[in-house]
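A, B, C and D label the chains in the order they appear, each numbered from 1.
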Amino acid sequence: MEKFLSRTRYFLGEALQGFVRQKSLTAATLVSTTASLMVFGIVLLVTANVELVSARLEQRKGIVAFIEDGVSNSQMDFMRQQMAAQAEVESVAFVSKEEALEQFRKSLGEDQVLDALGSNPLPASFEVKLKAGQGDAEAMERVAAFIGSLKGIEEVSYGGPWALRLDRLLKSLTVLNVIVGAVVGLAVAFVVANVVRLAVLARKEGIAIMRVVGATSHFVRAPFLLEGLFHTILSALVALGLLYAVHRVFTQRLPDITFLSPTLMGVFILVGVGAGMVGTFLTLHEVLREEWA
Amino acid sequence: MEKFLSRTRYFLGEALQGFVRQKSLTAATLVSTTASLMVFGIVLLVTANVELVSARLEQRKGIVAFIEDGVSNSQMDFMRQQMAAQAEVESVAFVSKEEALEQFRKSLGEDQVLDALGSNPLPASFEVKLKAGQGDAEAMERVAAFIGSLKGIEEVSYGGPWALRLDRLLKSLTVLNVIVGAVVGLAVAFVVANVVRLAVLARKEGIAIMRVVGATSHFVRAPFLLEGLFHTILSALVALGLLYAVHRVFTQRLPDITFLSPTLMGVFILVGVGAGMVGTFLTLHEVLREEWA
Amino acid sequence: MIRFFHVTKTYPGNRVALSDVNFQIQQGEILFVVGPSGAGKSTLLKMVYMGEMPTSGQVVVGGFVSNTIPRSKIPMLRRQVGVVFQDFRLIQDRTAFENVALPLRISGTSGGTELKQRVMNALGRVGLCHRRSALPRELSGGEQQRVALARAIVNDPMVLLADEPTGNLDAVVGDQIIQIICDINAGGTATIVATHNEAVPQKLGCRAARINEGRLFEPGGGPLF
Amino acid sequence: MIRFFHVTKTYPGNRVALSDVNFQIQQGEILFVVGPSGAGKSTLLKMVYMGEMPTSGQVVVGGFVSNTIPRSKIPMLRRQVGVVFQDFRLIQDRTAFENVALPLRISGTSGGTELKQRVMNALGRVGLCHRRSALPRELSGGEQQRVALARAIVNDPMVLLADEPTGNLDAVVGDQIIQIICDINAGGTATIVATHNEAVPQKLGCRAARINEGRLFEPGGGPLF
């Protein structure tokens, strides 16, 4: 155990040394990787917020089917059964003309105007709730169309067009995420690869000597891997911090804006750190291959 | 002379060696610098074409002042003197009602309709030409306003609004050029600096030995300067070639599009090569400063 | 422990550095290889830690056989072989202490305090405890050579190879160094010392082999083994 | 040509490497500096090519004075001083030929064909013409040392410094090398040879100074000069 600790401490020390030695290089690396990651982070932030809006809409998602006047009770029961039989439907609630009027009255706050109307102009309706997870825009559209085709239904109202648009936006945002993520990942990999290459070159003779004294290639690589990891983790953290600052600035105007969900945060860190590590691995593989075998 | 040649050959050989040795690095450098330069090149290409349009417009730039009917000859002479006295004005030509009709007729191609009019509806006019170089939109506007204020002028017509818009576009394009040029320059400088840094690191001990054997810092630097120069010049040339290819693709649809003017080509090469050289110089200064004094 | 069996080494360009070399060293034995510049001494030592492989023939060191050893096993071999290189091969940006500590860090056999003790012990044997914090360039040539020896012995290797270990040392310090090598050898380490100085083995009365143009001879006999 | 005047050199950490060293060498003279490991031999040579500056006192080499020389003039001094470094200092990725050619390229005194001639001439003197295309790592230790000597003499320097130039050479080649150095010296080059081997100057009957713990003594006299 003590041995393991001492060895880890050694590798960490080695890596830190390279990290600290070439300050201007480390700074340049940090700036480039952080800048790239920020771009990605902002795209993710937009995605997170569209997702949020979409989720809220989902909660409220429901279909209201207004019933023609003078439909018989048995006909209504039949309609209700038909709706409830749809796979996507969770529940169907009946709202009578009177209840509708009462609700409307409440929402207006005891206004007198309505009483002046004499007769009740509001239709009875069914409020249809869809099952969670079945709530995507297309399913809703399908169910709404079915309900609209039932005899005795006057009109169907639902959040469809909006939800559809949002769903499409989300899909193209996902594509954008993948593209931007890939490009940013490439950039990060390239920059980190480069700093690792420099670190290796700066210790060329040292590596050759280690090899000849019996170091395995793992022993030689470990400090450089750590150094690459330092660079990427630092960049990811700084970018995340900056992103949070950007988020804070926005929330002062639009208090509803959310930060990255844990999942998106994970994606962000994965892309940043993953790309950095890939860059590190490939470079070490290239640079340490034969010359100092 | 032979000595000079042999020395130059030596430096070139040294530089080429570094250039060729690390192929993957050279390729990565070339790709990044070329990509950056292409962005700049395309902005310049747009500028060149707007400039061309503007220049053509400029050639046609002139002011036509229509004269009220019934203005006396002496009054006309006075007006003409007033116009010609303006600093920006090159020449003033008188077009009589008859000449105007004749021109109009010619432009219509011997049409009969005009004859049917009975009287000549076209006014006499002055055609005012501005001096070359005084032709910017604001000067024209000023002269036109002055002419319009003369007694006996019915109306003034000139290409003002269009020219003004174009001039503004050109100005903001110039600003854009400067900004993009600066950003691209920075990117190129950074990338080239980096490859030079790698080259120096790879020859660390060799440099120390040269120093101790009596090499001046110029002697040590020369091959690295050349290596940086190779990278930048190659990038600039490849970018220029690609730019020309892009231009050719466009001219197949819009045959009027021009390539970079010699001046803009100069700017392009200056930014690319200049930035690369600055990056090279600064890095060499940093890396070769003390350690191997 | 070490056995060369018809070993021939030809470098690119048809340069024969060793030709049909045969010898054998048991645990606790010492062999001096004496010969002029370019005779093949360093090449012979390189064969032992498998820095070069024979063009033909076979080298056996401990359980490792040159013909069959996979590349990934070479580090294991080298950890049991201490080498004083002719050009020292110290890491330039590490202190003397860290250079000597390297084999311990590589084999990972000791924790912090034990490591310190062993390194200081090795530096003490070559008389350089007080220079432990110096970088190689702050050491004189002979001091570097002694640090290299300390690194070679810090790990109690099974095999010790010393290439011209007194080339940069005056007679007094040189004799001390040879004495240290003999002590290590007496502890059971198979040892080969390459030197151009014939006086060294003569003085000690040790087994010595002469090498010339790649051929190894034991004086008073035909080719060895 | 070379004159040390009360030269003291203290390295960081209060390590006195030279203390009050005085001596003088005229054109065509040769001085052997003999002393044990760590005595200050290499430090003394470093002072001559101004790789280190005295802590106090003055070094004069040709027209260059250590106290007043501007940094930018040091390369001019070094071009007139040939040095065989104790650790050779050959550029690892250049052939022997290119390493020897380096001083000519630096001073730019000769065109292509003349350069070739002079390099081959120098390599010939140390007996290594046939190894001209070898990289340093393809040369034996002694061969590298001889390449280093070739590089030191290729430029007909005014001053030749040799630090342990026979440390890696057997008696026969070592004597040849010393002979070459003496020949160069006879041509008018002021020469200093540092070595731990007292036999070398004795055999030649040359002027020798003993150095110990930074103090220089001429045998059969008090401190030199």
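Everything that follows uses one rule, which is that a residue touches a chain if its C-beta (ideal position, glycine included) is under 8 Å from a C-beta of that chain, and two chains touch if they have at least 3 such contacts.
Quantities reported herein were computed from a predicted structural model and do not represent experimental measurements.
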item	value
Interface ranked first by C-beta contact pairs	C-D
For chain A paired with chain B, centre-to-centre distance based on mean C-alpha positions, whole Å	44
Intercentroid distance (Cα basis), chain D paired with chain A, Å	70
Distance between the centres, which are taken as Cα means, of chain D and chain C, whole angstrom	29
Intercentroid distance (Cα basis), chain C paired with chain A, Å	61
Touching two or more other chains - residue numbers and ranges from chain C	none
Sites on chain B at which at least two other chains make contact	205
Touch-based graph of the chains, sorted into line, ring, star, complete or other	ring
Chains grouped in pairs wherever the two touch, ordered by label	A-B, A-C, B-D, C-D
Touching residues on chain B, where the partner in the complex is chain D	2-3, 5-7, 9-10, 203, 205-206, 208-216, 219, 293
In the complex, chain D residues that touch chain C	11, 35-39, 41-42, 86-88, 138, 140-146, 163-164, 167-174, 196-198
List of chain A residues in touch with chain B within their complex	24-25, 28, 32, 190, 194, 197-198, 201-202, 204-205, 286
Contacting residues of chain C [partner chain A, same complex]	49, 51, 71-72, 75-79, 81, 83, 85, 89-94, 102-103, 105-112, 115, 151
